[in-house]
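What follows is chain A paired twice: with chain B in the first complex and chain C in the second.
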Partner chain A sequence: MKDEVRTIVEKIGGVVEEVKKSEIYVRIPQQTVRTAARLLYDSEAYFKTCVGVDEREVNGFYTIYHIFGLDSQGVDIVLKVLVPEEDPQTSSIVSEVPAADWCELEIQDLLGIKFGGRLTKRLVLPEDWPDGVYPLRKEFRYDEKPSRVIREELHEEAGIPVGPYHPALHEPEYFELYVEGEKVVDVAYRGFHVHRGIEKLAESPRFTYKQVPFLAERICGICGFVHSTCYIMAVEKAADIETPERAEFIRSIVLEVERLHSHLLWIGVAAHLLGYDAGFMHAWRIREHVMVLAEYLTGSRKTYGINVIGGVRKDLNVDKIDKTMKTIAQVREEFKKLADALLSIPQIKSRAVGTGVLTKSEARALSVVGPVARASGLYRDVRKDYPYLAYGRVSFRVPLYTEGDNLARLLVRVEEVFESIEIVKQLVDLLPGGSVVVEEYDIPPGRKAVAAIEAPRGEDVHFVITGLGRPYRWRVRAPTYQNIPALRAMLRGTPLADAPLTIASIDPCFSCTDRVLVVDIETGRKSFIKLVRGG
Partner chain B sequence: MSIAKILEIALKTGRVTRKYPYEPPLLTSEFRGAVRIDPSKCWGCGACVKICPPNALALRNSGKEATLEYFVGRCIFCGMCAEVCPAKAIEVTKEFELSSTSLENLKSRVIHRLTRCSSCGSLVWTEAELKSVVKSSPIAEEYAVLCPKCRKSKFARAASIRIGVGSE
Partner chain C sequence: MSSVNIARALKAIKRSIWVYHLNSGSCNACDIEILDALTPYFDVERFGIKLVGSPRHADLILLTGPVTRESLPKVVRAIKAMPRPRLILALGSCGVGGGIWWDTYSTIGGFKKLEDILRENGVEVDRVVYVPGCPVRPEAIIYGILLLLGVVEQKVKKVEVVASES
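Right, the complex of A and B next:
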């Protein structure tokens, strides 16, 4: 433990249960969790997520893990709070750490632990889910279907919900924008329509350690490889499995290829939202080279399916390396021209400059991640702060802007495309020999690990407690989970016409076609506007 | 001029879309499509069923025969089944045009005859697996056709006769 970290840990108090290379587990009593959280947040730690675990079989308690990332030291400090079974209540840390809002509500929904000292509402579970049934408790079977409870007067405003609940949309979500004339004054968000219970499924007898990577890959249709890699990293960290170096390089190369496709996709969508469809089509045309490359490297355009615990299933050969170098050179050349054309259009600049501003202090309070954080002046990149896989071996720049507006987020992503290309080049040059997978390994139960990866949208965090044959608990925190609450700060005070671009500017990972309900405060009139993005 | 810039890109690029299905699809040599199970090689051991993440493969036992069913509608084309197959009976094809108007067309089956224990008559497993076991390991066929229970008792009897204890 470094001295700086030791001082912080000593100040927190509590019992240090476990010290690992990049994680420190500290058990603290319920009464001091709030002060400890405050102390960590003041010591430049970011809030990653909190995890509720039903550990009654292990130690007789429900356990809450608050994961804080001390970016400057590359260490995660995990506060462990025990909640007694007979009185499942604990104190909330939202007043100190606003970023903990959603994950506390999620624990309350899924595990039935009440958080004192904060406003509570249902976040994840649907409205017709019965009270007192908590799916993440171990006695709840993964395939159980509790009977629906029909509640009267679900919505305060009467109306037929059209749009967000549309059956044809596979990733729906729902924003309510409150406007005065043309100005947005407040935003309400209702999400989790597509909560699939993946975490519960992974700990059910239906799945094994070896199968979960394929499930994890399906969390996201754009950055699935991030999730499977992150799950595998967490398991490998927990069980001390040494992955061959070559496998780590191949994973890093594929991760960067995925980032290229994701950013090009987003840039296309942003151009489309700005009414510049020529830019959209050219961005996606360039992206197609990346998709073909991904298929050639892994066997599939998306959901690559090459990740297994202990390594990867597909090796690189001379032909593949050759094709990689050719493709990224071509993408670089073509994208440079397109970015030039895109950024020289005065209408695009004027639509993006000064809209959807997220200030640095708001970004800090909400612990936002990825390009959203970097566009608001926060120097955060998991690849730099917690070097994983082969990222410690390459040099690259982290684009940083302080304006916090839509243009800054656009520029961060444009520059990251070039950085990714440089990273792939270096990785291919440094690619070591050897095998790509270890077949023999053993995963002992009861081990814990936190893994984080810089996904195209920001930091993706997976937390794993190992069990017998499958994870005892697997928690996923996707980057958008952390960034959506920031939309409220971004949208307040902006003209309505800028809302679609602003919502898309965090690169949310939920929907192909969004619809926004607009409520005019003065007249009470409602109307739907259409938002478009890939998801 | 920004319009001139994009025009230049567009003119230089030309048309990139293909006239699929009138032209061949754009597939690389590594593409993974649906899998095909070779019935002449399959043993019916069930290793593929165990590894399959989406349960696209299922093994059913009717008492008379064992059926390995592949339902392509659930398949995620990961190819793990081909990787674990000890008989190398599963091949990953490049087939991806799989849609059909009938559910039955999405299913393919390999049906195995089952063998019974020559002593007690209980089910042992598929004939194909029995044959492959006899072929690949030094086991006498008279032992292989027994169920594990009968095999154990037969072995115990033979051993006891040899060392001369417990003989009646």
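Right, the complex of A and C next:
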């Protein structure tokens, strides 16, 4: 433990349970968790997520893990709070750490632990889900289907025939914007239409350690490889499995290829929202080269399926390396032209400059991640802060802007495309020889690990507690989860016309934001606007 | 039983099929492939396939995802809003059979289950084509649409198997 970290750990008090290379687990009594969280936040730690675990079989308690990342030291400090079975409640840390809002609500929904000292509402489970049924408790079977409960307030949005749907790449999520005339005064988010019970499924007898990567990859169809790699990194960390270097390089290459496709996708959507449809088509045309490359490297355009614990299933050969170099050179050339055109259009600048501003202090308070953080002046990039896989071996620049507006977020992503291309070049150059997978390994139960990866949208965090044959608990925190609450700060007090671009500017993973319910707070009249032009 | 003459309806829309994309809780992979089919490389608009913003305007619904509990009522309403004949392309492993999460607490699992629920709600579906794949490829989506329209012949046959009890 470094001295700086030791001082912080001593200050927060509690019992240090486990010290690992990049994680420190500290058990904290319920009464002091709030002050400990405050202390960590003031020591420049970012809040990553909190995890609720039903550990009654192990130690007779429900456990909550609050994960804080000390980016400057590359160390995670995990606060462990025990919650008694007979009285499942604990104190909330939201007043100190606003970023903990969603994960506390999620624990309450899925594990039935009450948080004192905060407003609570249902977040994750469907509205027709009965009270008192908690899917993440161990006695709940993963395939139970409790009967529906009809609630009065169900379908408040009745009268809208389409519901929260839209043609252009969307998942069913939507935002309610409260407006006064043309000004947005508040935002409410309604989502979790896509809650599929993944974490519970991974604990079920249907899955084993080896199969979960394929489940993890299906969390998201855009950045799925990030999730499978992150899960595998967590398991490998917990069980001390050494992956061959070549496998780490291949994973890094594929991760950057995925980032290229994701950023090009977003830049296209952003151009579309700005009314520059030719830009949309060009971005997606260029992206197609990346999709073809991904298929050549892994066998699939998306959902690559090459990740296994201990390495990868597909090696690179001379042809693949050659194709990679050719493709990225071509993408670079074509994207340069597009980026120059896109950024020189005065209308695009005037739409994006000064809209959807997220100040540095707000970004810090909400612990936002990825391009959103970097556009608001926070120097955060997991690839630099906690170098993983082969990223310690390459040099690249982290684009940083301080304006915090939509243009800054656009510029960060445009520059990251070029950086990714450079990273792939270096990785291919440095690619070591050797095998790509270790077959022999042993995963002992009861180990814990936190892993993080810089996904295209920001930091993706996976937390694993190992069990027998499969994870005892596996928690996923996708980057959008951390960034959506920031939309409130970005949208408040801004003109309604800017809302579509601002919402898209965080690149919501469920890029679903097609329709917005607009409620005029003076008349109470509701109407819908479309965020993306259909068809 | 259907009160619409599908053959006649298909003949009428053959060259300009309007599709509506309905995501019922999918992971986005099939959804971006649908969008991919619209962009320059595949460019399905040249075949008259056009994405529209409302099921009321649509000839065909592209259904992706395993139909989560939360989205179920909205999916039913969207399909109900569609004019007859109701044509559906169930896309991807999830759309076809619920995919990797077919039996979890949070999904209803597959198109067959959805069809039952639709029938309970008095919504009749006139024709369904299943397009598997995880994610489904843009070529497969185009092929599925052509199959539905009767432009190409179906190559695979349906065989029913019953799992032995163990």
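Here is the rule we use: the second predicted complex is superposed on the first by the 512 of 535 C-alpha atoms of A that agree within 3 Å, B and C clash if a C-alpha of one lies under 4 Å from a C-alpha of the other, contacts with A are read in each partner's own complex, and residues count from 1 in each chain.
We take it that a residue touches a chain if its C-beta (ideal position, glycine included) is under 8 Å from a C-beta of that chain, and two chains touch if they have at least 3 such contacts.
Please read all numbers here as calculations on a predicted model, not as lab measurements.
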Original post:
Where does A:Gly279 make contact in the superposed view: on chain B (first), on chain C (second), on both, or on neither?
Top reply: first
Subject >> Partner chain(s) touched by A:Tyr296 [first = chain B, second = chain C, both, neither] >> reply: first
Original post:
Is A:Ser344 touching the first partner chain B, the second partner chain C, both, or neither of them?
Top reply: first
**OP:** Have a look at where A:Lys314 lands relative to chain B and chain C in the superposition and call it first, second, both or neither.
**Re:** first
**OP:** Mind working out whether A:His462 is in touch with chain B, chain C, both or neither, as first, second, both or neither?
**Re:** neither
Original post:
What is the contact status of A:Lys237 with respect to chain B (first) and chain C (second): first, second, both, or neither?
Top reply: neither
**OP:** Tell me which of chain B and chain C touches more residues of chain A.
**Re:** C
Subject >> Partner chain(s) touched by A:Glu288 [first = chain B, second = chain C, both, neither] >> reply: both
Original post:
Which holds for A:Arg470: it touches chain B only (first), chain C only (second), both, or neither?
Top reply: neither
Original post:
Touching A:Lys210 in the superposition: chain B (first), chain C (second), both, neither?
Top reply: first
Original post:
Of all the chain A residues, which ones make contact with chain B and with chain C?
Top reply: 214-215, 218, 282, 285, 288, 303
Subject >> Interface residues, chain A side, partner chain C - complex >> reply: 126-129, 135, 140, 142-146, 154-155, 161-172, 192-198, 200-201, 206, 214-215, 218-222, 224, 265, 268, 280-282, 284-285, 288, 291, 301-303, 509-512, 530, 533-535
**OP:** Can you check the complex and tell me which residues of chain C touch chain A?
**Re:** 20-36, 39-41, 50-56, 65-66, 68-71, 73-74, 77-78, 81, 99-101, 103-107, 134-135, 137
Original post:
Within the complex, which stretch of chain B touches chain A?
Top reply: 2, 5-6, 9-10, 13, 16, 26-32, 51-54, 76-80, 83
Subject >> Residues on chain A engaged by chain B in the complex (per definition of touch) >> reply: 207, 210-211, 214-215, 218, 278-279, 282, 285, 288, 292, 295-300, 303, 305, 313-314, 334, 337-338, 340-341, 344-346
